[in-house]
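Given below, in the form of structure tokens, are the structures.
Two complexes come next, and they have one chain in common, subunit A, joined by subunit B in the first and subunit C in the second.
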Partner chain A sequence: MSVLSRPWNRLTVGGKILLPLLALVVLLTVLLMVGWLTGLIPALIGLGATVITDNIDILRFVAAVTAILLFTVPTAFVIIFMEMKFIAFINLRVGPNRTGPWGTLSSVFHGFKVLAKEDFTPTGADTPVFTLAPVVTYLAAVLGLLVIPFAPGLVGLDMNIGLLYFFAVSGLSVVGLMMGGWSSYNKYSLIGGLRAAAQAISYELPLLLAPVGVVMLAGTLSLNQIVINQAGWFWDWYVFQQPLAFLVFFIAATAEGNRTPFDLTEADSEIVAGFATEYSGMRFGFFFFAEYVNVFILSALTVILFLGGWNAPIDPAPILQFLNVTINPALDPGSLGMGLLFVLGLGVPLLILLLALPVWMLKSDWSFPKSLVVAFILFNVIGAGLAGVWLFLSFEVVVGLVWFTIKTFTLAFVFVWMRGTLPRVRIDQLMGWAWKWLVEIALLNIFLTAGAILLLQELAR
Partner chain B sequence: MTDPTIIRSLDDPDIWVETPATIYDAVPPYPPRTEREAEFYDLRDGEMLLNLGPQHPSTHGVLRVVLKIDGEKVVDLDPVLGYLHRGVEKICENGDWHHAISNCDPLEYVASMFSEAMPVMVAEKLLDLPVPRRAEYIRVLCWELNRISSHALYMGWQALDLGGLTPILYSFIERDEIVEMLAAITGQRLLFNYLRIGGVNGDLNHDFLSRLGDWMSRAGAQLEASTRLLNENEIFVRRMSGLGVVDRETALRTCLSGPVLRATGVPYDVRRAHPYSVYPELDFDIPTRTEGDSYARYLLHIDEVRESIRIIDQALHEMPDGPIMAKIPRLIRIPPARAWVAIESPRGQYGCYGMSDGSDQPFRLRIHDPSFFNLQAMTDMLPGNLIADSMAIMASLDPIMGGIDK
Partner chain C sequence: MSGPLAKLPGWGIAKGMLFTLYRFFSPKVTVQYPEVVQEISPKHRGRLILLYDEAGNLKCETCFQCAMACPIEIIDMGGVDTKNRYHVHWGPAEQYAERREESPLRRSGRPVPDRSFQAWRSIDLGPLDRILVEEDYDPRRMLRILERTQQAYDHLPVAALQHISHATGAWYSEIYGVATSYPHLRFEPGRVAEIGICRCPTCVMLGAGRVRQALEEALATEVGGVSPDGAVRLTGVECGGESQNEPLVALDGQTQPGMTADRARELATSLRAGTARPGAA
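After this line comes the complex of A and B, so read on.
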């Protein structure tokens, strides 16, 4: 144990992390043994069970927030990788291709890189504000995810004012950008922060006004209920009833997420990196993460409001009824009893052997153990595929999640596509576009929707 | 205005302990030397100095511009040159005439076929040396290829400074093909050092010709493909048109040349106005536009690339056989004389005034770089525009700092 034989200040960073963890594990083991032997832990478990059942709502909330917080990291990684690869494709480059298959791990390594970099505070910076700014931006992005319904029943918190909550929380991110811009003691940062403020205030208006038509049609602010209202075929989605609102919302969302062609806050050819000029290490990482989480949640919100959320574009029920087919693959493993044990004990090795034989025969220069390994991998792939199909057919949560993910990442791809294709607009054009066009169109859309609803009611009477 | 006493010498050990924040301001560390400087560095209410460069991503090398801004609007500017000054003209006086060729190479480093032609053509004019026709055709071929590669780079830069990520990579495909082509005959990708007094350094080879033929077969289509992304783009057109307008009279008065001048409607091109080499024998047009704004300059570059492709086509077809070097001694002693030559570089009239005192070294080589004069127009164009537009205007003037700072 070279870790234990060194003084604390001679340890590497890894050692400094490893040693407390080791001590913690030893301590917990000892405590667990002592607790179990004295009968303390069984008593505590009994007590804990009642505490959990009494406070299930609070625990559910805490679990949801934690899950959402953890969910942002892989999401940001996927979108960052998507951006790197697709922009490379547009640019006729190869893009990341070294770490992992097709470079898929490169964004993970980017994450480790920003963690390992120096955490630098410039001279003259307002240190507390400078430190807090990325946290505010990141949390604003993350908290917006809490009300996003991913699939039926899979929503952090189903608020009846979900949409309002979303806009209230995601509007806070600009506070973080302004804090970063102001506290960095850098003129480029300052200009970036002020641009962020001006842009956010201008584009919040169309972003808020555009979904009003949807809310009037749905009669609720709950995002969950808005999605449920769009169930059925794809022409039931609100995008076909609210095309104007969809356009306005998507443009405003692009500006709100500070994405090209509205990425004036971090315009690298004009103001270096805007508010993020003086940031380095994980503080910059938080800004970076927040941007990509923002891309995800703005795509997700567009999908929820206009593109049917988790609903599939086709409604399979009438088709199955017409064909007179019933699909009920829900399989209860408990009903198999000893049969399950038999299948796991004998079926799996037999199947692997059966898969290995043709591999071994076709690849004549391979040894049989090598074919066995390949067969094992094949078995796992096939098994995972079958399990996926079973999950997809059995649980509507999985179906909803798949459709939601496909739609959201398609929209995220559109954001990436625009970044690869379009140049940046100017600040006065940006403002003019918001105040002269988007707000007016959004207001017009509200009156048109209201008129149409009244007209339909009159006709129905 | 900052208190000048707060700026301390770097020798002062205290400065490393507690750096006064004002040292990062754009204020010069001395009392104003001229009236203009005093006026510029005197801030009114709501104004701020913004130090742009020399390490800014879009000032094209090491140009430093101190902008006086009011919010996002540029009120005034103070360009600070000299960050790339190497004393090329003086260095040229210390080597012989052949050394001047490679010393002049990095002046216009994205199109160095033009800057290296300067000492060559001055020496030829001073000696009254006839250059073999094949060498002249090879020179024209290389010049036009290099003009296309330089213009391609400009078109990418222009888009990059407006926030478009993709066009510069498309441009670099074009540029890389040409640069590889030139590397096949010159051995270099950037600073070719290919022209010689009395000819060129090596004949065309198979590698070059096969690459050129391959490229020529699809050059026009490739140009269309890579410019289609931007030319009709609404955002691009709205940002570029009416931006950085310079009128005909101002352009002539401030000695602008090249695409910046031709975009104002003046059909001045040294290749036609003061013909040199074999350009009188070639058939090509001088494209002009009348708007004089950044968008006109951008479109003009594309038109010029088309004309260059035409010239290359003709030069290839009319290329005569024969020697590529005139018979000259190794050590050239030029009798005392003075001469002025000018050629049309991608950025305008590239001139050189050479003096010889009878020795084997140039007595004086005065390089007239068009970027320097074109950059002057920035002082009139920028005030009143926004910060973002100042980048676009700067890019549309297409300055190369190597030639400006010399």
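After this line comes the complex of A and C, so read on.
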């Protein structure tokens, strides 16, 4: 208690932190007791509960948006890392490998670097618009994520017009690009912005028209329902009924996400990122964060529309039935009673010892503590693996999430792979490709799909 | 692939994607420099090239620093006179202290006889010409040409290198640079001693592993390779089950009895030292 009797400037740093905290705890305790005794706090809690129950939808929306906003950060980091590493592999390099294991932290440090840079606004720039442009671009990407169903029941907002909402919101990114180009007070940025807008708007058309066939087949605009319609084996996926639409959509998505070979909006080797020329620091970072979030979103949307979303490619039920196997992973640790305590208390150390013995015997030059540490890591890996298997077998959500993640990141890999392979196209080729081919093919696909549906109805009658 | 498939739209894209996928899984060429130092032939001196500026003028200022620093004295700034009789130097006389008396001659721009010059020993160019024809005088196959030349002449005579330079159009200095870069190419006649070691289970039980490790350390190569100075080749031989008490180690086909790891290391080191040449490790 000498901390209380000392003058403030004689305290250590720890004391200077501890003393205010101590005072705060005392104050809060007193306040809580007084509030509880006078009945003020229970009343407040009751009021809060009613407010929450009355506005549960708003709260759920806010929670979903926050969760998705937070979700974009690691996703973008993973995709940025994937891009750095995989393009390096394609170039026969090893890529980032210094920060973190296998360089996994390098994109995090890129983030820190961007944060630490000066956030610069050019003289003459339209400051509010200039500041808002990256936010608009980023929000367009993040809000699109809101309707993406990750797994059965795991969707930010299950809208019945999900697809429409998605395109409406992601179309906002054009506004962001235009804002950035316009407000920079730089004619090259303006040209870059216009160029980006021209590309984005041109490719919005086939991007919108291609899924119309899918919508006609599914009979709904709800992304969740579209995924549910594709349940079963992998040949139930819409890619096999709509191969043309899939191709058009994928190409248009490449252009819409500003990915090579259609990355003319940014074209870092030629027009130094066009509309974003005047941006620095985190505002520049947001533009590119948005791009990588877009890669994820477009991959996810392609997976949802054409590749069965969170559905597994095989339906395990008939196979299990054929093999006469039933999987019942339900665990009931409570049934062990006091035994559970023994299992937790003794079983874990015993298992680690059991794992350490063969390690120690095989690696004759390792000391026993070293083998113990390795065994502990091994135990954790095995335990996490078993827990993962148990989760996979017990919860539909986990199964769906696993398949969705695998498919989405495979497609993201294809985007990276294309970037490592294909050269950038010319602007006239880019525009011609959209207007002369993709739009027409998408329209043809709509007619074909409609005809096929009518034909099937006639035949069924 | 050509044919009807090649006319398919997107065929080129598919081919490119397959190629990059193949590269994706290929072994990587990066050397993690501070931790791993790439093995370079100890006699390697880089590619000796004279640079030109944008206007096409030689950037060399004839300071002779390079010629003085060159440990193997390959840099010789001069040439042969028009009648191919004298070796001449065109640089400032001050760099040639020992030939100061010739400086008025050189300053006047006239060729100066170099008494210490000896013409390259001539060789029979027949085998080399055959090799060059077979390799299509292609400078891109330089390594193959040099390897075959060494096979034909036992080493790389200067006359052969000059002939290759004339025939392929590659600069002499570049050819020389390539030749220095590879440990197995040598510029002087020399015999490669061959140490064989048996790796059968019996010999391994008798200690062939330690002998092999010692040899590989001393020769800085693995079984099947040549030591970086080109002096000793390490190969595998078969004892045919005849080893009784010790692993079979053979020097040029002769069994070396009583070979332990230490003695093997001594043998390898002395073999390398015996053929050591200036400019070679």
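The rule is simple: the second predicted complex is superposed on the first by the 399 of 461 C-alpha atoms of A that agree within 3 Å, B and C clash if a C-alpha of one lies under 4 Å from a C-alpha of the other, contacts with A are read in each partner's own complex, and residues count from 1 in each chain.
The criterion applied here is as follows: a residue touches a chain if its C-beta (ideal position, glycine included) is under 8 Å from a C-beta of that chain, and two chains touch if they have at least 3 such contacts.
No experiment lies behind these values; they were computed from the predicted model shown.
Undergrad: Do subunit B and subunit C fit side by side on subunit A after the overlay, or clash?
TA: Here subunit B and subunit C cannot both sit on subunit A without a clash.
Undergrad: Subunit A residues in contact: does subunit B have more, or subunit C?
TA: Touching more residues of subunit A than the other partner does is B.
Undergrad: Based on the superposed arrangement, let me know which partner A:Gln429 touches: subunit B (first), subunit C (second), both, or neither?
TA: first
Undergrad: Quick check for you: in the superposed arrangement, does A:Lys363 touch first (subunit B), second (subunit C), both or neither?
TA: neither
Undergrad: Looking at A:Phe89, would you say it contacts subunit B, subunit C, both, or neither? Reply first, second, both or neither.
TA: After superposition on chain A, A:Phe89 lies in contact with subunit C alone.
Undergrad: So in the superposed three-chain picture, is A:Lys16 touching just subunit B, just subunit C, both, or none of them (first/second/both/neither)?
TA: neither
Undergrad: Quick one: is A:Gly124 in contact with subunit B, with subunit C, with both, or with neither? Answer first, second, both or neither.
TA: A:Gly124 contacts subunit B only, not subunit C.
Undergrad: For A:Thr260, select first, second, both or neither according to whether it touches subunit B, subunit C, the two together, or no partner.
TA: In the superposition, A:Thr260 touches subunit B alone.
Undergrad: Using the touch definition from the top, say if A:Asp268 reaches subunit B (first), subunit C (second), both or neither.
TA: A:Asp268 sits against subunit B, while subunit C stays out of touch.
Undergrad: May I ask you to decide whether A:Gly420 touches subunit B, subunit C, both, or neither, giving the answer as first, second, both or neither?
TA: both
Undergrad: On subunit A, what residues does subunit B touch that subunit C touches as well?
TA: In subunit A, positions 90-93, 420-422 sit in both the subunit B and subunit C interfaces.
Undergrad: Can you name the residues of subunit A that touch subunit C in the complex?
TA: Interface residues on subunit A, with respect to subunit C: 86, 89-94, 97, 417-418, 420-422.
Undergrad: Given the complex with subunit B, which residues does subunit A contribute to the contact?
TA: 87, 90-93, 123-124, 185, 187-188, 191, 195, 260-261, 263-264, 267-272, 419-429
Undergrad: Any idea which subunit C residues touch subunit A in the complex?
TA: Against subunit A, subunit C makes touches at 13, 16-17, 19-21, 23-30, 32.
Undergrad: Considering only the defined contacts, which subunit B positions touch subunit A in the complex?
TA: Result: residues 19, 21, 24, 48, 50-51, 56-58, 72, 159-166, 169-170, 173, 229-230, 233, 235-236, 238-239, 386-389, 391 of subunit B touch subunit A.
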